[in-house]
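Here you go, one structure.
Order as written gives the chain letters A, B, C and D; numbering starts at 1 within each chain.
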Amino acid sequence: MFSDILFLSSSSLIIASCVLMMWTKNLMHSCVYLLGVLIGIAGLYLTLGADFVAATQVMVYVGGVVILMLFAVMLTGGKDFQSRSQKILGLLPLMGSKYTFMWGSATAMVFGFCQIYFFRHLFFELKVQETTSNQYAPTIEKIGELLITDHVVAFEISSVLLLGALVGAAIIARPRKERPAFLEPDHHDDHGEDHH
Amino acid sequence: MENTIAGYFLKFEPLKYLVTNSSAWLGFDTTVLIGFIIFLTFGIVFLGFLATVGGFGTIAERKISADLQARIGPNRVGPYGAFQLIADGIKMLSKEDIMPRDADKFLYYLAPFLSLFGVVCTIAVVPFSENFIMADLNVGVFYALAISSLVGVGIFLGGYASNSKWSLLGGMRGASQIISYEIPVTLCIMMIVLLAGGLSFGAIIDEQAGMPWNWYIFHNPFTFIGFFIFFVSALAETNRAPFDLPEAESELVSGYHTEYTGIRFGLFALAEYIEIFVVNGVAVSLFLGGYHLPFSFLEGTIPGNLLQFGTFFIKTCVLYYVVIWIRWTFPRLRVDQLMSICWKYLTPIAIFNLVGVAIWIVCFDGQSMFNLLFTGASHSGGGH
Amino acid sequence: MSNQSLNAFMPIIIMMGLALGLYGAALLVAHLLSPSKPGGKKDMPYECGEEPVGSAWSMFNVRFYVVGLIFIIFDVESVLMFPVATIFRKMNAMGEGTYILIIFLSFISVLLEGIAYCWKKGDLDWVKSYKRSADS
Amino acid sequence: MITLKAYLFISLVLFVTGLVIIISRKNIVAILLGIELILNSAALNFVAYSKYTAVNLDGHVFALFIIVIAAAEAAVGLAIVIRFFQVKESVHIDEASDLREELTR
């Protein structure tokens, strides 16, 4: 019963925050709603018995990513550029022209249905065990064992990936005083006010 | 909820009787419902207790600072000024709640709540005694670490939403300071996790039962250094002097809560003072043996639990005194010093400690320094 | 470490509710007790008596930001190290101590490389970072 | 009782929200927010399938790695955003058109 309540409250938090995130025009508020979504997802992880993943979700996202996003929004002014038209049809062709979008979506739909048709065994004959047990085994030790046995290569490679990300992010974001020569104002004026 | 406070109280006869009768009457198993009511009651009790402790923290701060500076301190309200916190509370409640003209209203309301939320949720896993713990989670320490990072978001949003330059500077400093000092804290906690082999507070504390030399601070030289790193980083995490740059009154007026008045300023301050207690409690549980007495006495009964609770409380209060003492002794750091202390001293030393502990475990099979030095001495690792 | 029912998380949800209740109750009591006369100079952001010039939401300081970027990588690495740290002692008791020590130390060494790089390049310095990159 | 489909539905909501944010916003930071949502929906799917169809915890490990990748992606992406803002003094996605050939619109 408690898991039902937790599931319902978390999922309603997620859906409400999602709707508000799409709705709001203030990017700072959008980040705060993202916080709600992420905490709700952590609640869903709890109902799935994944306590370590839930805590990781809160730790990495709330403590790290959201603060970084808030920093970024503040440093870049937080202006939100709304699209030219607020109607749904106006929103559609933003990724190209109207025709490319229509052709692309039609192709995607056809391919999607074909895929579903060919792989329907996977979808409809998937063996789902509806667990009724309310007891959850401790996950963290098993995750640790998996990390040093089955997934040890991924574990070590992820450290290298993170090193790469750290070096890359530090190089890119390092404060520089001078602007690159090729982007001096005369070159820069070509773009700008004609977009919005 | 076997090891928690509700499971403990459900063992008593009157409640058992209540559960059986109400189950028969209502037609379903009411254990969870009664457990919920017990949790709710004790949640309110713990929250009220910690709010009182936080309130007394403000008085202790003023009294101790007065003592260190050869003054008297607050002495008008009640004996020795002991009721000052009630006066402060009434003052906070009856002051006008001003919002700056250009503030972001939603975030302005949300920021103190996030700060309070992060701290109050941490209370649920603080082990007050063997049975007086609300949730002994398998991921207890990690959970505390994770949820307390909401405080940083609250501080940043508080600084941002006020739309005042002082607040914004304070909020940015606060957020970057809190996230930076989370790294040494995490690494020190991981050192303890290596030794204890678990993330739950109960397991970690049970490993340190018995005499003080079983405490993790005296386990090996690395943990001894690690405790001080943890303590210094915890000071910075709670924005205490000498790391109180986010609210440095001589340079930033009052930092991130410059524009906050009345009760919302009070809630920020309350969250801060509760957080100091909680962080010290975590330090006590991880390094200083937690609630364990050196001998087993009345274990499992309510007086025994109260005794353990007293032990925990005294240890935490000693650390609390040290925190206040440090505040009134050391000058404030500069921002560059703050960052270089975190990234150039604490973090490398913490990584070094982590490596040292890992090698220690492999070399000496996880035995403590005391056991190695006095092999054959009576090892009273009781509590198991 | 034992099997745990989901009810173990009930107190946390209760504390979340209590935090919400405490905040709401405090605001409600304050609303009832305190006067409310907004307007005038009171609503001005406090800048030591000066008239504030412009909005505060346009400040720019990247140095806080680089710290955040470094932090998040370290945070994630420590998250990945926690499960391994949890079973470290158990594996050591099983006689696999050297293996897990090598895995753990190789992970940490990469972490150390990251911090050494940032240290060398001056990302951890506060004031110098501008000067150094301007020279180079 | 909660079924697998309920989790898949929530995951779908997250994915669609992320997609809508990506294609309807013009601010690069907002687009990064949408990407975070999409990654989260994938991680939620992994954990849900791990509970309902498998006996092992591989799904949890995958979710952990997804969180790791998402954090790394956020760090590098936001660094690029800041650099972009320093250069162009705007975070409008259409400003990133230095490499575009002049096409007829």
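As a working rule, contacts are C-beta pairs under 8 Å (C-beta built on N, C-alpha and C of every residue); 3 or more make two chains touch, one makes a residue touch a chain.
As the structure is a prediction and not an experimental result, all values here were calculated from the model.
S.K.: Identify the chain whose mean C-alpha position lies nearest to the mean of all protein C-alpha atoms shown.
M.R.: Chain closest to the assembly's C-alpha mean: C.
S.K.: Could you state the distance in Å from the CA-based centre of chain B to that of chain C?
M.R.: 16
S.K.: Calculate how many whole Å lie between the centre of chain A and the centre of chain D, each centre taken as the average of the chain's C-alpha atoms.
M.R.: 3
S.K.: Determine the centre-to-centre distance between chain A and chain C, using the mean Cα coordinates as centres, and give it in whole Å.
M.R.: Here chain A and chain C have centroids separated by 19 Å.
S.K.: For chain D, write out the residues touching at least two other chains, lowest number first.
M.R.: Expected reply: 64, 67-68, 71-72, 74-75, 78-79, 82, 86.
S.K.: Please list all residues of chain B that touch 2 or more other chains.
M.R.: Within chain B, residues 32, 137-138, 142-143, 160, 172, 175, 179, 182, 199 contact more than one other chain.
S.K.: Two-or-more-chain contact residues of chain A, please, as numbers and ranges.
M.R.: As it turns out, chain A has residues touching two or more other chains at 2-3, 47, 49, 51-52, 56, 59-60, 63-65, 67-68, 71-72, 74-75, 77, 138-140, 143, 147, 158, 162, 165-166, 169-170, 173, 176.
S.K.: Does the chain-touch network form a line, ring, star, complete graph or other?
M.R.: Chain contacts: none of line, ring, star or complete; other.
S.K.: Return all touching chain pairs.
M.R.: Between chains, contact exists in these pairs: A-B, A-C, A-D, B-C, C-D.
S.K.: Would you pull the chain C residues touching chain A in the complex into a rising list?
M.R.: 1-7, 9-10, 13, 57-66, 68-73, 75-77, 79-80, 82-87, 90-91, 99-100, 103, 106-107, 110-111, 113-114, 117-118, 121, 123, 129-130, 133-134
S.K.: What does chain B use to touch chain A in their complex?
M.R.: 32, 104, 106-107, 110, 137-139, 142-143, 145-147, 149-150, 152-153, 156-157, 160, 172, 175, 179, 182, 199
S.K.: Show me the residue ranges of chain A that touch chain C in the complex, using the header's touch definition.
M.R.: Contacts found on chain A: 2-3, 6, 46-47, 49, 51-52, 56, 59-60, 63-65, 67-68, 71-72, 74-75, 77-78, 134-138, 140-141, 143-145, 147-148, 152, 155-156, 158-160, 162-163, 165-167, 169-170, 173-178.
S.K.: What residues on chain A touch chain B, complex-wise?
M.R.: Chain A residues touching chain B: 1-2, 26, 28-29, 32, 35, 51-52, 55-56, 58-59, 62-64, 66-67, 70-71, 74, 138-140.
S.K.: Can you tell me which positions in chain B touch chain C when the two form their complex?
M.R.: Interface residues on chain B, with respect to chain C: 1-2, 4, 32, 35-36, 39-40, 43-44, 47, 92-102, 112-113, 116-117, 120-121, 123-125, 134-138, 142-143, 160, 162-169, 172-173, 175-176, 179-180, 182-183, 186-187, 190, 193-200, 203, 253, 258-259, 262-264, 266-267, 335-336, 339-340, 343-344, 347-348, 351, 354-355, 358-359, 361-362, 365-366.
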